[in-house]
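Each structure below appears as structure tokens.
What follows is chain A paired twice: with chain B in the first complex and chain C in the second.
What follows is the complex of A and B.
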């Protein structure tokens, strides 16, 4: 027992938490921007997948397949080294760009692929008859989408959107590899400052933080789903 | 500033990246061989509400799904040598823990995470098989084991297959994090080759291509297998 304490000291877990938690701000900022841009790009891709144009469908499906097969860390470094190199060809110097920008680009590209599938499958799950019925009672196609299709698709998409968020947050933990000082980056700095001792305790603290956030997101989306499905049921019973 | 791509390096490094494929596949296969049966058994504990194991599986799945794999790797890579060295010290075994091949850590981490993912896959697949199927099988005289092997598992497998495919592709992708354990897989091999002349763009293009080829082949293989299983389904129906 005596020698164990030399290597493992629980107090390091509790003491590191107040130092780590402020850096969640960076983690959330990067994730938040990726979610906003990624959802927007994902919507465009989903529209392409659902469109009548064959090249548009092909392109969007190809994009999703490629992104699904690429490990996050590979995409991250491809963007980190590739974007400035590509920009050189256009006379743009992007080598000094803030690392957060590369992280946001990477996870926007990745989240868009996830979201395009979430949105596509949600819309496809809504019966075609719903749209036709709405138009036949005098709604414009836009109104039919806004009032009839969208609210139903949202309920279907919600759990998948929640899972996408959790996945994004977890993949985002790799941003430290290109030097972003988010919560994982800070954890590695703490370990370096401790001369690589007590790394395990810091990593456990990190795991606890991520675990709690994931559970909270899951719970939140579970609640949200209930709220939205409630409306669905009253429509059905009336 | 612009020098363009170094095509000789691009081609040479493609084969270096390719030489990491066997390690990637070995880790993937070992992890699946451990995770498939273990995940199935633990899924059964969830479905049949086995007292302690059910509770254990829930927390286990929640932890793996709630934490990034890189942090799971950090934890295993920091804790296993610690536990082993204490164990070796206690029993006077003369093995240096730092000489252990990193592939053993990779086996542990990736089996650990894949098992949890597969518990969920099997749980949802098994719950799609009608309970009456099991009862019907038992009522015609099959033992519980026979009923599962002959009736329940084949049906659940068809439902589970697309998710097992996704889990396998995610596992292959996750092995790219083996660099954190100095595992000599695709990513690390190509990266090391790039260190000499800073040809990182070329190296990552190669790594990117190798993963796309590998994952496409795996997805294609699963599709073929799924087709075969479905054919049996129609024959028996």
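What follows is the complex of A and C.
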């Protein structure tokens, strides 16, 4: 413990926080775009999984299995090196693309796989009978989905969506490996500026940021779930 | 982490095969055709050798020498790309970057993946960080004989190779060598903490961490010592297809060494002109 005091310096934690925080912008931008594109792609995959077409179901399930079996860092390197290399074959020069683009592609592909399962399971959790009942009282199939199935499926999907979001944010920390300067990248640069010393303090500061964000997201989705479940209970009591 | 990189390497191999099927033309020539744009990758977290400073500029010994090389090569335009050590090695090998600088040592294994030019980029003093009471340990032989433990070194870090080569040459008195999964560990801290008896470090960072009055570990200056065991040449690593570029570099670096520019930069960034001890250099 005596020697510990000689190098552990709490002030490094507090001093690094204001330097780190502006770089959340990059972290959020990358995560946000991945969520938007990933959810959209995930929706398409979920539709394929729920469709009657066997090839579509096969493809979507195959995609999900492969993506879920690929570690994030491997996928990141495959996209970062593979996409420009493949594009070269088509005469496209992509080596000047911003690193962030490759990070967004990687996490879009990954988030889509997660979301396709979240959406599929949410829809399947709603009894088929409800759809049939809705259609039988005169709603069009689209109306039945929008008014009856979707609001209920959303409540089922929300916690899993929130978990996926937190996971994505954490996996995003790998992006520094290919040189993206997000909040993790900046933390590494701060450590480098200190000649690779006081890494523990800087990483504690980084952990604090991640803890706060994750807790906020968790709380937000908890609230959201309550708000949306309320509607569901009204239907039940009616 | 390590095994992930292995997996990544497998994936890369397949991509390389794919890439090999392509036209094979490096499409890095700029539009006017005279000046060729090349990507120079550097480790952005290796101060004072190379780093990305607070203003967002690439600097450090390795980077500044490359900037001078660029000035002497009007037919090339250098673009500096900051990245991590791991990515730099893969990226230069694959051709994403034409050259990379990261205080790289020569190793047999690396000659299969990269072109080493004829002339080196800089010199690096490698040594052991030890507790003050062990300052009599002046060589790897002494260190091994004492049965001391060494801070782990990542297997793709050439410092690992240096120790490994010593071990192969001295099978009766080997240093206990562990492969770590991080490229660098906070060696001074590990030694001071007593987690290990010693660790390999480059003099430049040690100088700035411990001996410099504004260094973050200046308070440990009486607790730990640095004992040099080798002065080692460092090299820019060129992609296998870049022989012409490597030749152009050789022409420029020769001139810079003659003009003593490399000596000046060594003094500026490492606090010492390592070229003065050039006769001690073994590898």
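Points to keep in mind about this one:
FYI, the second predicted complex is superposed on the first by the 235 of 238 C-alpha atoms of A that agree within 3 Å, B and C clash if a C-alpha of one lies under 4 Å from a C-alpha of the other, contacts with A are read in each partner's own complex, and residues count from 1 in each chain.
Everything that follows uses one rule, which is that a contact is a pair of C-beta atoms (placed from the backbone, for glycine too) under 8 Å apart; a residue touches a chain by one contact, two chains touch by 3 or more.
What you see is a predicted model; the values in this text were computed from it and never measured.
Because the two structures share chain A, they can be overlaid on it, and in that overlay chain B clashes with chain C. Contact with both chain B and chain C is seen for A:71 once the two complexes are overlaid on the shared chain. After overlaying the two complexes on the shared chain, residue contacts for A:81 are found with chain B and with chain C alike. Contacts of A:139 after superposition: neither chain B nor chain C is touched.
Legend: residue contacts after superposition of the two complexes on their common chain; A:170 is shown touching chain B, with no touch to chain C. With both structures placed on the common chain, the touch criterion links A:179 to chain C but leaves chain B unconnected.
In the overlay built on the shared chain, the residue A:194 is in contact with chain C alone; chain B does not reach it. Overlay on chain A, chain C versus chain B, candidates 6-14, 240-248 or 258-266: the clashing stretch is 6-14.
Taken together, the two structures place residues 3-4, 7, 71, 73-74, 77-78, 81-82, 85, 88-89, 93, 199 of chain A in contact with chain B in one case and with chain C in the other. Those residues of chain C that touch chain A in the shared complex are 1, 4-5, 7-8, 11-12, 15-16, 18-19, 21-23, 27-28, 39, 44-48, 51-54, 81-84, 86-87, 90-91, 94, 96, 184, 186, 188-189, 192-194, 205, 208-209, 215-217, 219-220, 223. Taken in their complex, chain B has these residues touching chain A: 1-2, 62-63, 65-72, 74-75, 78-79, 82, 86, 89, 169, 173-174, 176-177, 179, 187, 200-201, 204-205, 207-208, 211-212, 214-216. Contacts from chain A toward chain B in the complex involve residues 3-4, 7-8, 65-66, 68-75, 77-78, 81-82, 85, 88-89, 93, 166, 170-171, 173-174, 184, 199-200, 203-204, 206-207, 210-215. Across the complex, chain A meets chain C through its residues 3-4, 6-7, 71, 73-74, 77-78, 81-82, 84-86, 88-89, 93, 95, 176-179, 181, 188-189, 191-199.
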